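Listed after this line are the structures, all set down as structure tokens.
Next come two complexes, and both contain chain A; in the first it sits with chain B, in the second with chain C.
Moving on to the complex of A and B:
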């Protein structure tokens, strides 16, 4: 955090000065480790074992927050008799189909219920097997189907995650053998300190210290926060990393309370915003799913699974209709299903890596790169360039000529002779981009806070904002098609696309766009909150979770009341979604009766005299719903959530320790080894995540793991990371003299022991080799990297900052060249943080000798097409 | 200028006779340095902004003079950053005033070996034509008997560095075009 989010880290240091214990769990020793009380340098890819060990510690030592767990989590929920855990099936859950390498989720459901997620993914009869008659009727209404499993999952469930059709049967004593609590206890029973130490390469004392610190610091009077970044997400089990932390934090009562939570630190100024208002294939704004072919035939079938459900997703139809009205305006009427049929349908995996393979296969003809540099930033950069080289046309918008714009001229494959410039048919348009100082607009930061940045100056020359580019491209296309009678052009011609423009360059008004996002009523008045949205077409709102950002005609995101002039929550600086709430699910900061758990940790509470929730923040709960509210039978949406159920986006109002539906790889996080690992999985026969997604291709070969023949050719673990002085793929930092001077060169970090083993000299050169390619780096021999003792062997790790490429002021090989494309099955994020490699002294070969070296490694390792595709040994 | 003033103008005299015997303050000051003013005090305007690098969202104050960005400082009013910026945020003036920025449209024709220049409006028109033509030729009304109404031939990557309003217009236009392979760094 000190390394990549330094200014945010000031608050950690402030907490430390006030007595907080700071624990850093990271393979790297960084600026964070240097000032932490405890640094746990575990092996890259072993975090579920570590966190699972903490869950086990909390359960076996009775350190959980019992009242919170019983009232606010699904620990008391009773599961079906036919559910089988990884303890029963040696690393698999019930429902696994080894041929399709995927799960049938039906046995993971609560007893008496057939689970179905709230939005996006829904079980069908085929998937659930032979459920009870009643459940059959329920499932028939849900979306989904065999093909639907191909679509990305976790993000499709919305901000509240998936949900179940009705509330589970509960055992508040937590003693029923099939209640979630007991299942959890059995699942993690073997994650003992000794096993954790063996998998992670740490000492049992280090583990116990962390366990004691976090349990001592959790409960009524104290809270513990977890902070993570892509070190947790970029794994074949990335979503389950976060899940393990969720289980731990829910058990300790650290969710929805000040000083608690699981906080994602995101790496780009508005990467949160580009998830909320998604430039993502599987989502529409506000985490509404993209409609799916064959399932979502019309608005009714699209919204059927959610209408009538408990929780705020029960109003999903209002959110969807308001979006359609924002996009198609007066053309969208109840009679034409509000133009629902104008939406294109997805039918499987259309994610970034799938798209790149489709470029190579020739089905993708045109590509827009809007401030992103995949030839450096994405895994297996060669695959990216092979895709770019096979397009008909490419539009690159950036500040300078990034590697993804010049691959045809100076990409690594030109040097090796694998490509020739003259052979590459891609037509490339490079359009210079405007900077943040040259345009109005909002970024959504890592805490869901929208902040407006004002335009200071005009962009230079032909540089323009993406708002300008997109608006005018749409305008030109609509002009060219204006006389078309082809029905396929109606969605374009009926689109609301009449934004006012300003100034000599005709810049569209970002404020007008934000107003459309924030929503208006039939009279054109700005809406204040998403609870005002209607399904009858009387409201328009471009992103329901952002509803209210333009309330009262005021750009709420531009509010800048100085922090020193307001409360510590600072509600009048910017605007946070939803409804300017700063801590989600903060009803959990009070006990079931609505009283603060403690004076020290009070945040929002029920004021019986005023009959409303009050406190430091806007309550994430209906303002006047009393703690003793009980839903009437048949109540729906928020009315079905009781007054003591804080998790209002969930149909059961509870935090999920066990996920009865919606995850591709299991209801409970389980330690699997990375797809490429030098060691075996001591817990289960199942070595790696059985449902991880692989994309075999001649340029994307996988390496053998764990003692399989050839695995000795790639004996070391490597991990990638960032440096304070550079930004992601380098387009905004390697071009700057200041930053290039501060971090001038690509390097690898190795321990003195590994340097001795391989003959590497400090400040000399090393070549790092995988089955994909070989790259060179300056050697930093440092005891910041330590050899680890794992499974009775010494395992070396190599650290590689990934910012470099061939262009800019500071140049070097890209670490992402080394990575395979192998993905988490829930969210389709690649495993960047743990893979295997070899390292040798000296620079890498030039020209055709480079692919020859890599081919020689592949031959020595016996790598063929199917290598690595089977997770079992 | 009299002799006495001339002599007292020597830094060494001021150092020996004045209150700055180590010569690190007033004694070392020349007329040029005494006339120097910080760029922040000479700005025509100060514009409230947000750092464009990571997602912490530090407040920035952008100082503008004669239509140019002359300085970017941390905004002490921000309850997030309290005036602080990291090395990248501190370098953001160089990001926006960088002479290495490309400010003209560049074009590489198929199989071409060099960049060529292209007027912006011509580039926009050509891109619009390519979008229309690619969409027309590669339109999918159905896939396996299921209605899809889309094109699988146009894809986009990027958005995490952009504004919400920009992502919104991109998603809106792409969806109306029937393009679905729309992705950004959040997937990575």
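Moving on to the complex of A and C:
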């Protein structure tokens, strides 16, 4: 965090000064480790073992917060008899289809689960409840093939998640052998300190120290917070890393309470915002799922699954209609389904890496790159460039000519002869972009806090904001289409594209956009909160979770009342979604009767006299719903949530220790080795995540793992990361002298032991080789990197900062060139934090000798098309 | 916001060149009522090595970059303070016992042990520290400057005026810390000004403003010294006995620094001189010796002349 988020890290340092214990769990010894109380240098890719060990510790030592767990989590829920755990199936859950390498979720459901009646993709039960053969038939009928069926999985849920029956059967004693608690206990029983030490390469003392610290600091009087970044997400089991932390935090009672939680630090400023109002193919604003072609024929079929739900997702139709009204205004009416047909549809995986392969296949013809440099920043950068080189047109908006804009003349493949400039037909448009200091707008941070930034100076020359570019592009296209009578142009022509502009360059008003996002009623009055949204078309709101950000006609995100002038929660600094709530699910900060768990940690509580929830924050609960409220049979949406069920977005109002449906790779996190690992999985016969997504391609070869023939050719683990001095793929830093001089060259970090083993000299050159390519780096030999003892062997790790490419002041090879494209099956993120390689002294070959070297490695490792695709040993 | 302004009364020649001096600005001729002496307290125990100070300094002061040079000195590619680096973050990697407290094991590890993950107690410590011009109470650079380019500001800081500097370079060897340096491109001497322009506008220096953890603290030197004493006590109470101040003592060889530090190891570890002495401390004695020598020479010459007459 100190390394990549030094400004935010000031609060950690402040907490430390106030007595907080700071624990850093990271393969790397970073600037964070330097100031932490404890650093645990575990092997890259072993975090689920570590966290699973902590879960086991909490359960075996009875350190969990029992009242919280019984009342607020699904620990007491009873599962079906035919559910089989990884304990029973040696690393697989019940429902695995080895041919399709995916799961049928039906056996993961709560006991007594009935198939949801809805027709939407949220109702996976409908499909997966069938025998396998039938399921395929149903799938084909509805989705047009297995590929499309995949799109109806994790990516299709939005944040509403899949439906489950309103209330599971519960055993509050937690004794029932098939209750979640007992399943959890059995699942993690083998994650002992000794096994954790063996997998992670740490000492049992290091593990126990962390276990003792976090359990001592959790409970009624104390809370512990987890902070993670892409070191957790960029794995083939990335979503399950976060799930493990969720289980741990729920067991310890650290969710919905001050000082608790799990905080995601994003790659750079406002990535949270670009997830809330997404640049993702499968989501609409506010985590509404993107409609699916063939499945969502109209608004009714799109919303049907959610309309029946308990919890606030039960109002999903109001959120969707208000969004459609914000976009298409008066053109959106009840008679035309509020222009639902105008929305684009997905038909399968259209994620980043799938799109690149589609570019190579020639089915994707055009590409916008706005502040993204995939020729440096994405896994297997060669694959990226092969895609870029096969486009008709490419628009690059950035501060400078990044590698993704110049690949056609100076990419690595030009040097090796694998591409020739004269063969590349891509027409590249470079448009200079304004920096954040040159435009108005918001940043949304990890706590969902929106903070407005004001333009300080005008952008130089032709540089323009994204808002300017997008607005005027739309305006020009609409002008060109103005006389069109073609119905396919109606979605563009009917858009509410009426933002006021200001100044000499006609900059659209960012405040007007924020107002549209914040929502208005039929009279044009700004809304205060999402609870005011209606499904009848009387409200407009560009993102339901942001509803209220412009309440009272005030840009709430621009509020800067100093903390000393208000309560310690500081509700008048910026604005947090939803409804300016600073802690989500904060009903959990009080006990089931509505009393604070402790005086020290009191946050919101039930005031019996006023008959409402009061406290330091805006309660994340219906203000007047008493703790003893019980829903009537047949109640819907929030009315179906009882007064002691804090997790109001969940259909059962509870935090899910066990996920009964919705995840592609299992209801409980399980340690799998990275797709490329030098060691075996000591826990199960199943080596790697069986459902990980692979994209075999001649330029994307996978390496053998764990003692399979050829794996000895790539004996070392490498992990990629960032340095404080540079920004991601370098577009914002490698062109600046003051930053470039601070980290002037690409380097690799190795231990003295590895340097001795491979003859690497400090400040000399090394060549790092994978089945994808070979790159060169200067060598930093440092005690901060240490060999690990794993499975009885010494394992060396190599650290590679990934900022470099061929352009700018500070240049070098890109670490991401080495990575395979192999993805988490839930969110399609690449495994860039753990893979295997070889390292040798000296510079890499130039020209055609480079691919020859890589080909030689592939031959020695016996790599053929299917290598690495079998997750079982 | 007060310092004991004593003016020049009672100050001896010697006090002006070395030893404690309550009010360097007053001593330099700034009238009574001048601002209190301002300085930096750099608490390296909370430095996270982000180098924001280095960049903010260069941005604000228009200091040139130093080029692309991978030094291999941990994450430090600046190397040292100089004409083009007025803040410098040092990175010190040390092997130390990993779990000093809880295991009760002896401090020295056995790095060659094959079972190191279980038994080896050698961990790594990574010290970071942002160095800067010390703005000495007795600034030799200023004392030797023949043009008056270097001067003592009303804030008690030491500033070099680039439009007056003639590039003679006398100040360079005079500095006991090796801070001031001539810029190769134009020959003139440059160093930290403690953002004199910002101070005059009531702003804090750029480095302190940019420091996210308040490792670099700016303020009246008296207050900083008190705060630093408390901080050291606090760290000692927390089991960090190695915490110590550097450059805060008015009795040291430079009369105390206007920019002083809290360190977690010996000064040498950070590349700082352990016992800096103002190089002009002995100037009076030298003048005396030189005067005596001159008299002797003159007497000799006279004697020779007189002798010649004989």
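Quick note on the criterion: the second predicted complex is superposed on the first by the 828 of 873 C-alpha atoms of A that agree within 3 Å, B and C clash if a C-alpha of one lies under 4 Å from a C-alpha of the other, contacts with A are read in each partner's own complex, and residues count from 1 in each chain.
Here is the rule we use: a contact is a pair of C-beta atoms (placed from the backbone, for glycine too) under 8 Å apart; a residue touches a chain by one contact, two chains touch by 3 or more.
It should be emphasised that the depicted structure is a prediction, and the values quoted were computed from it without experimental measurement.
Trainee: Check the residue A:430 against both partner chains and state whether it touches chain B (first), chain C (second), both, or neither.
Mentor: first
Trainee: Considering only the touch criterion stated at the top, classify A:266 as touching first (chain B), second (chain C), both, or neither.
Mentor: first
Trainee: Tell me which partner A:725 touches in the superposition: chain B (first), chain C (second), both or neither.
Mentor: In the superposed model, A:725 contacts both chain B and chain C.
Trainee: So, A:205: does it touch chain B (first), chain C (second), both, or neither?
Mentor: second
Trainee: Of chain B and chain C, which one touches more residues of chain A?
Mentor: The partner with more contacted residues on chain A is B.
Trainee: So in the superposed three-chain picture, is A:783 touching just chain B, just chain C, both, or none of them (first/second/both/neither)?
Mentor: Second partner only.
Trainee: Which partner does A:741 reach: the first (chain B), the second (chain C), both, or neither?
Mentor: second
Trainee: Using the superposition on chain A described above, determine whether A:29 touches chain B (first), chain C (second), both, or neither.
Mentor: The second partner, chain C, only.
Trainee: Which residues of chain A are in contact with chain B in one complex and with chain C in the other?
Mentor: Overlap of chain B and chain C footprints on chain A: residues 6-7, 10, 724-725, 737-739, 742, 809.
Trainee: For the complex, give me every residue of chain B touching chain A.
Mentor: Touching chain A: residues 45, 47-60, 62, 64, 67-69, 72, 76-82, 84-92, 94-96, 98, 100-111, 113, 115, 118, 120, 123-132, 134, 138-139, 141, 143-144, 146-173, 175-188 of chain B.
Trainee: Hey, which residues of chain C end up touching chain A in the complex?
Mentor: Per the stated touch rule, the residues are 46, 48-52, 54-55, 58-59, 65-70, 72, 74-75, 77-78, 93, 95, 99, 102-103, 114-118, 123-128, 212-214.
Trainee: Which of the residues in chain A end up touching chain C in this complex?
Mentor: 2, 6-7, 9-10, 13, 17, 29, 31-35, 39, 197, 201-205, 209, 723-725, 737-745, 747, 762-763, 778, 780, 782-784, 786-789, 794, 809-810
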